[in-house]
Amino acid sequence: MFSKLKTDKIHEECGIFGGYLKDKDIAATLKCGLLKLQHRGQDSAGISCGFDVQNVYKNLGLVNTALRDNELRKLKGSFGIAHVRYSTCGDVKEENIQPVKTTYFGEDVSLVHNGNVKQAEKIREEFEKNGEVFLSTSDSEVILKKIVSSLKKPPSKWTFEEIGECLLKYFSLGSYCILIYTPNRVFAFRDNFGYRPLMLAKSKEGFFVASEDIAFCSLSEPEIVEIKAGFGVEITKEDCQIKSFSSNKASRQCVFEHIYFANPASNIFSKNVYTTRIKLGELLAKSEENDFRADVVIPVMDSGFACALGYAQASKIPFHVGLVRNPWLERSFIQSQQELRKNNVRQKFAPIKEVILNKKVVLLDDSLVRGTTSREIVSMLKRAGAKEVHMRSSSPKIINTCFFGVDIPTKEELIAYNKTDFEIAKEIGADSIKFLPFESLSEVFEGDMWCNQCFLDEVQK
Amino acid sequence: MFSKLKTDKIHEECGIFGGYLKDKDIAATLKCGLLKLQHRGQDSAGISCGFDVQNVYKNLGLVNTALRDNELRKLKGSFGIAHVRYSTCGDVKEENIQPVKTTYFGEDVSLVHNGNVKQAEKIREEFEKNGEVFLSTSDSEVILKKIVSSLKKPPSKWTFEEIGECLLKYFSLGSYCILIYTPNRVFAFRDNFGYRPLMLAKSKEGFFVASEDIAFCSLSEPEIVEIKAGFGVEITKEDCQIKSFSSNKASRQCVFEHIYFANPASNIFSKNVYTTRIKLGELLAKSEENDFRADVVIPVMDSGFACALGYAQASKIPFHVGLVRNPWLERSFIQSQQELRKNNVRQKFAPIKEVILNKKVVLLDDSLVRGTTSREIVSMLKRAGAKEVHMRSSSPKIINTCFFGVDIPTKEELIAYNKTDFEIAKEIGADSIKFLPFESLSEVFEGDMWCNQCFLDEVQK
Amino acid sequence: MFSKLKTDKIHEECGIFGGYLKDKDIAATLKCGLLKLQHRGQDSAGISCGFDVQNVYKNLGLVNTALRDNELRKLKGSFGIAHVRYSTCGDVKEENIQPVKTTYFGEDVSLVHNGNVKQAEKIREEFEKNGEVFLSTSDSEVILKKIVSSLKKPPSKWTFEEIGECLLKYFSLGSYCILIYTPNRVFAFRDNFGYRPLMLAKSKEGFFVASEDIAFCSLSEPEIVEIKAGFGVEITKEDCQIKSFSSNKASRQCVFEHIYFANPASNIFSKNVYTTRIKLGELLAKSEENDFRADVVIPVMDSGFACALGYAQASKIPFHVGLVRNPWLERSFIQSQQELRKNNVRQKFAPIKEVILNKKVVLLDDSLVRGTTSREIVSMLKRAGAKEVHMRSSSPKIINTCFFGVDIPTKEELIAYNKTDFEIAKEIGADSIKFLPFESLSEVFEGDMWCNQCFLDEVQK
Amino acid sequence: MFSKLKTDKIHEECGIFGGYLKDKDIAATLKCGLLKLQHRGQDSAGISCGFDVQNVYKNLGLVNTALRDNELRKLKGSFGIAHVRYSTCGDVKEENIQPVKTTYFGEDVSLVHNGNVKQAEKIREEFEKNGEVFLSTSDSEVILKKIVSSLKKPPSKWTFEEIGECLLKYFSLGSYCILIYTPNRVFAFRDNFGYRPLMLAKSKEGFFVASEDIAFCSLSEPEIVEIKAGFGVEITKEDCQIKSFSSNKASRQCVFEHIYFANPASNIFSKNVYTTRIKLGELLAKSEENDFRADVVIPVMDSGFACALGYAQASKIPFHVGLVRNPWLERSFIQSQQELRKNNVRQKFAPIKEVILNKKVVLLDDSLVRGTTSREIVSMLKRAGAKEVHMRSSSPKIINTCFFGVDIPTKEELIAYNKTDFEIAKEIGADSIKFLPFESLSEVFEGDMWCNQCFLDEVQK
């Protein structure tokens, strides 16, 4: 459950994992970490591992398809970084699979990143004007090139400070996390504003960094801390060291990591994701009119599950799975995914008539983006005999696109943009629709540490 | 959700789908049907389709891996049968993938079956004594051979009655469903006792048979009926015809189809599976001591979900997902599955501490077979801070192996065999354990139409 | 050089190899033997090896593609049989790849054969009338079935005599060689008339049988003998034993094995193939008119090479390679072969102008079947500037189809059938044409041991 | 025949093909050209084709394996360049497969090259010092980078002159040919000294460039010219234009292209390769002592074939193929090639005893490098019964390594370095050895246009 792959959903980009595994080859551990972060990207997977010399193994497809165990067994070395990729339509190209690796002054260096490296396009253009070429369209190559051209010395000579300051100087506005693997060292950096999560674990097995702490759940008694915005980590054989590279006090943690993107078992931005979603559902229930009554609360699986449960428990309306999702449909490898884009809701979901027939249904999803899926699901419920369908969204209306790494379409494509609730409900065929009031968000995401720009018509400065 | 692939769980064998698609090539429809029945078998998939001439396309792996869309597009013809296979350990061989096809007197005939063809082994031996050879170890070859050697004429000359009587005569004791595809006709037969479900759908698109009606959910307004025990169906271009081949009045529908195996959205044996599971959970809750109280009900995902919800609703104890299952781990293709057998619970499940910490937890699963998974999950919950863990099973104690197609190990391997509740709880590390009282079963599975032999120490005659 | 794959050439079917390798796993040796027999079949390759238990590994494609070294390493056992297949158009199906294997009374038995099993079709029909089915269209299944249904006991109980007599009784008219592998024994049988070659080698490495002795050339000092017509061999761990199963005195060794099919380095039917071809070329030269003069003798590569050299040496006309063949074109794997059927001579051959320009050319090929290739090559030579092109064939006119395993088309398709030399020359655009006089054949293939029926309008009785 | 893949042979690097195909998609034509140049490289193959937008399709393996027809069909566009690669041991990496492509100022540009780009390593180091990174170890990336960094404008704005002058300026000492594909134009450049051949063809089908003219042999009546040393070609939709970029008068055409590397049917450096080899054999025969007599001349197939024939014809000693080479062994795809490195001569060649037994044999090869193969072949002939084996090389002694693209090992590994004929003969077990006298070379390679440095102990200035 809780998997992601919806066509008309917002998406964030990629998951990263890396570190040092004491006295063992890290390749299998990297794969294991990526499997736990697979929900952050299903298009390709790759690792770079070794000691001094680095081997890259990467392919299109899901982790299990892309990284075959019999190949992993051949890869030696205790240091490594790894990546799963969600790619926006059209750039599922082999040349863009991460990690990107180069050999510079005879030494290997690899890099992976997730998120949105704001200045990358501009820096790429500057490089081009200067006569430099790129072999991929990935921002990873831009970041790596910028570091190399700034430091101009063998990777083994790069210091933690130099790399951190270089990133701060050139990529200060991005919303990203970056892992860099130089001979016998792994570095991790979180952007200045902390849009994306980055976690560190120390355990007797070694030192590890990951997009979400769920990636650490096979470690024995790990000590887990969150790398703060503007901070970096240096991992060596002996130790791991955390350092701040920014005087920035503000941070803008992405609320959508909690609402939709992260694994419910993860704890990021100092909160458990599942619990957050339950609470959002409860707040949504509390925002209902006093006299609103319904027969059953049904989640849009899997992303609407936790908020629906929270809503049901707060409203005392019975909770049921009224739509069974076919788990096999979306988890084949990449070629098939392309074909599945065309598969409609009728293929993905099967209604349970007994749960729906003649019922006044509250249908819960975590958010509405384009509204396409919602319209089809409402229609499916009506065909299955629902008396009424009341759509509910555990996030406020999304009325602005995202500039920080979440794949939200243009305003015009957003179903909630410039429409009243009544208009939206009509468009999706529901008997009513409600969104979580924007004000309620602050009961969950307290303080001023959060980025909620997609709910605002104007961009924050 | 609701997927199946547990190592120490009982398994039933295979899913089947077939029929006639008016005016179109059926290959894509066969794949689509198999995708909906994938939970019944993940080891291999295959189809046979055409009109007179039949093409077989089959491979190891999940449906999406085994049956590639670009190959399917080449396969012409409106008639066809299809199969997904669950194979007991060791016989994942290419030669055993269904359908099995032969050309007899110059005409093609294909066959698929699920379940347990009781007399197959004996008939195979008789054939061998008579000097006949088999190229596979699949029972499908035995059934096909027996029909051929009985009818001794071209498949297009076989009548509905002849095939049905032949199956009745030689395979009367089995627990199976069989699809046979002869030139421009598809036949379906359900065994005498009706152990396994078999559904028929008529719609404007054509005539179809399937193990479960969920396979029909992409059809437009299908008219769905259950093929009764001992009945068969003949599908031609013009019509489909149902006929009885047995005077047997008794039937023994497998309760485990409802408890564990079938898709919750399916309606088989005249019942909805999800609703049945909810009710089993409610009955289990009612069987608790009056003073039993707990803080949270947690399902073992995915099979324990519905009964846990029913239990929670009946007992008024809050329901929560306390263990998130990694949906990516188990759904790669076949080679990886082999490797995953070794993966332990720690890889499959991630606990949500906020839900568990200092709580008295009721842990719900649909059944306990070997108990291995249960032991590891209880231990995981305790490590995550659960104060107490009370294991509950929505089925009675399994104390007998299954002779009718469910993959239950020998009595000695069953954790509940010859043990008290106290002993079982101790073995899995739980603070208590309860099973659904055997008597409660009859409140759900009313009448004498059911096979519940696995809960009885003696075999029914 | 000397490879075969021409579209309009006659073809014989398949190569076989098998035996016992002392104290080692035989799988790699089987592959090595098949590589040496690859010229006898390029469509698929397969092996069966083990001791008691037999493992079959087979695939479409060339040996190196079909049998991967990393898979072979997993296959244990010292006994084995192997097969490369040439399949007549249309039956390149997976189900027809040899070896065919069955498990009978719990014991494994495998079989491969080459050539033409005359009575197979009739026996197949009898089986069918009797109600037995076949899973492939391969004659191997028929032979295996016939042996099994005759002997009706476990393969380990079959005696050398029983198998030999069974083959003699039911398949007396065929032109084939058969290898049968039962637990810890390998049998080889050559048909009554000895159409196809079968060689036996004893060396310190073990005992081996093969279609041609070139397959033994990696053995150290092998003692090689030819298995005579109607004889069989039994190979066990201890020894190999030869036995006669036929009182037939006549034999009909296929002259085309020497003219075209076998490897020039092979010694079959008590003759070296290369030397035979040289002699055929010499005889052809001697049959020329006294005053015939030309500037250069050019072979159609590779099959016309040796006879062209013999012709040149006897006629004192300079020998040159005037057409270079592209060795890469035809040796990809099976899918591409299909596509290459369309590739014309212009793709396959490149003329060397310096050799041809303004020359009176004698163009030598081993035989003319349909004449398509000859026509295109003559035209290519003329375009490259040849003054005259005189076509010569080192075999007599082929005017009859073959009933014994060589893939010769119907009489009507044969270019030489019912045509004068003048008509044939005109059809292919040559300035003249000559075939080896039929009488000259007997100077090479002395005695009455030979099948030369394809050069005769009437079939021998 | 005439294929190349010997382990201890000298090798030159790569074959290139490209151009413009009028009104059709060029992809299939590119593959067809590469098939004809396959002898120049078997490790990988790749193409880039399109109009403005360029698609790269490249893979490890032989052309037929690397470039599948069903993929080629999808590639649109009339312009393109293509490459087959021979890689020195160890760098068979995916990242080094050509073409290399980049997108610069939003426009695509691709490049392939063969030969040895002398200054590449130094330029790479300069780039690195300057802080620029490389994603491959291929010189193609260096050349492309150098052009881009010199011209600093969109590829469509690059002029023929600018590119040519840039190459002249930075890569004046190399021995290479380069193809560059910018939007709707293809450029070809041959190095200053003309070490490697480069041919141009105009035909009604379009304009094409290739390493050897054999690649044009499917064109209808092509007009073929050799691009001279220091010249370039620009191909557009309308026309092709040749231009000189160098005032260099000297040229140093590699004699080994004729002796060993090129296809015998090719005409390069204004000579036919086959005829040259025949003449080398004749000169070698003439250099023999007057009283030298032998029974048979045998070539080391395939590279020794033509010189052996020339030798035999001049010396009146009979010519025969005494060693049949297995054509199937070496032409599988890349993984297997690795494994075949270990296969010894006994697997590759089969002796024909009838030709050898009790004979005084002259064994002809085109050259001796390390001498490993020669030693094993001499030994094989002796075991097969040769009375004497006299080794002859149609090239002079190789006593110097090559700095211009031919894969010759270090002096110390060369069998002829610092050894007398007697010592060499002894080392390979031959009864005598002779090399073509260095002086005789000038009878074939007249004038001062040739590079023969590998036969000289000192490097030419």
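Letters are used for the chains, namely A, B, C and D, taken in the order the chains are written, and counting of residues starts over at 1 for each.
Operating definition for what follows: a contact is a pair of C-beta atoms (placed from the backbone, for glycine too) under 8 Å apart; a residue touches a chain by one contact, two chains touch by 3 or more.
Note that the structure is a prediction, hence the values are computed from the model and not measured.
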Which of C-D and B-C has more C-beta pairs touching across its chains: C-D
Chain whose mean Cα position lies farthest from chain C: A
Cα-centroid distance, chain A relative to chain C, in whole angstrom: 62
Distance between chain centroids, defined by C-alpha means - chain C, chain D (Å): 35
Distance from chain C to chain B - Cα centre to Cα centre, in angstrom: 50
Multi-partner residues of chain A (each touching 2 or more other chains): none
Overall pattern in which the protein chains touch one another (line/ring/star/complete/other): ring
Chain-to-chain touches, reported pairwise for every pair that qualifies: A-B, A-D, B-C, C-D
Of all residues in chain A, those that touch chain D in their complex: 100-105, 128-137, 141, 144-145, 148-152
In the complex with chain D, residue positions of chain C that touch it: 1-3, 32, 35-36, 38-39, 62-65, 68-69, 214, 217-218, 263-265, 267, 272, 274-275, 278, 301-302, 305-306, 309, 313, 318-321, 324-329, 331-333, 335-336, 339, 346-347, 350-355
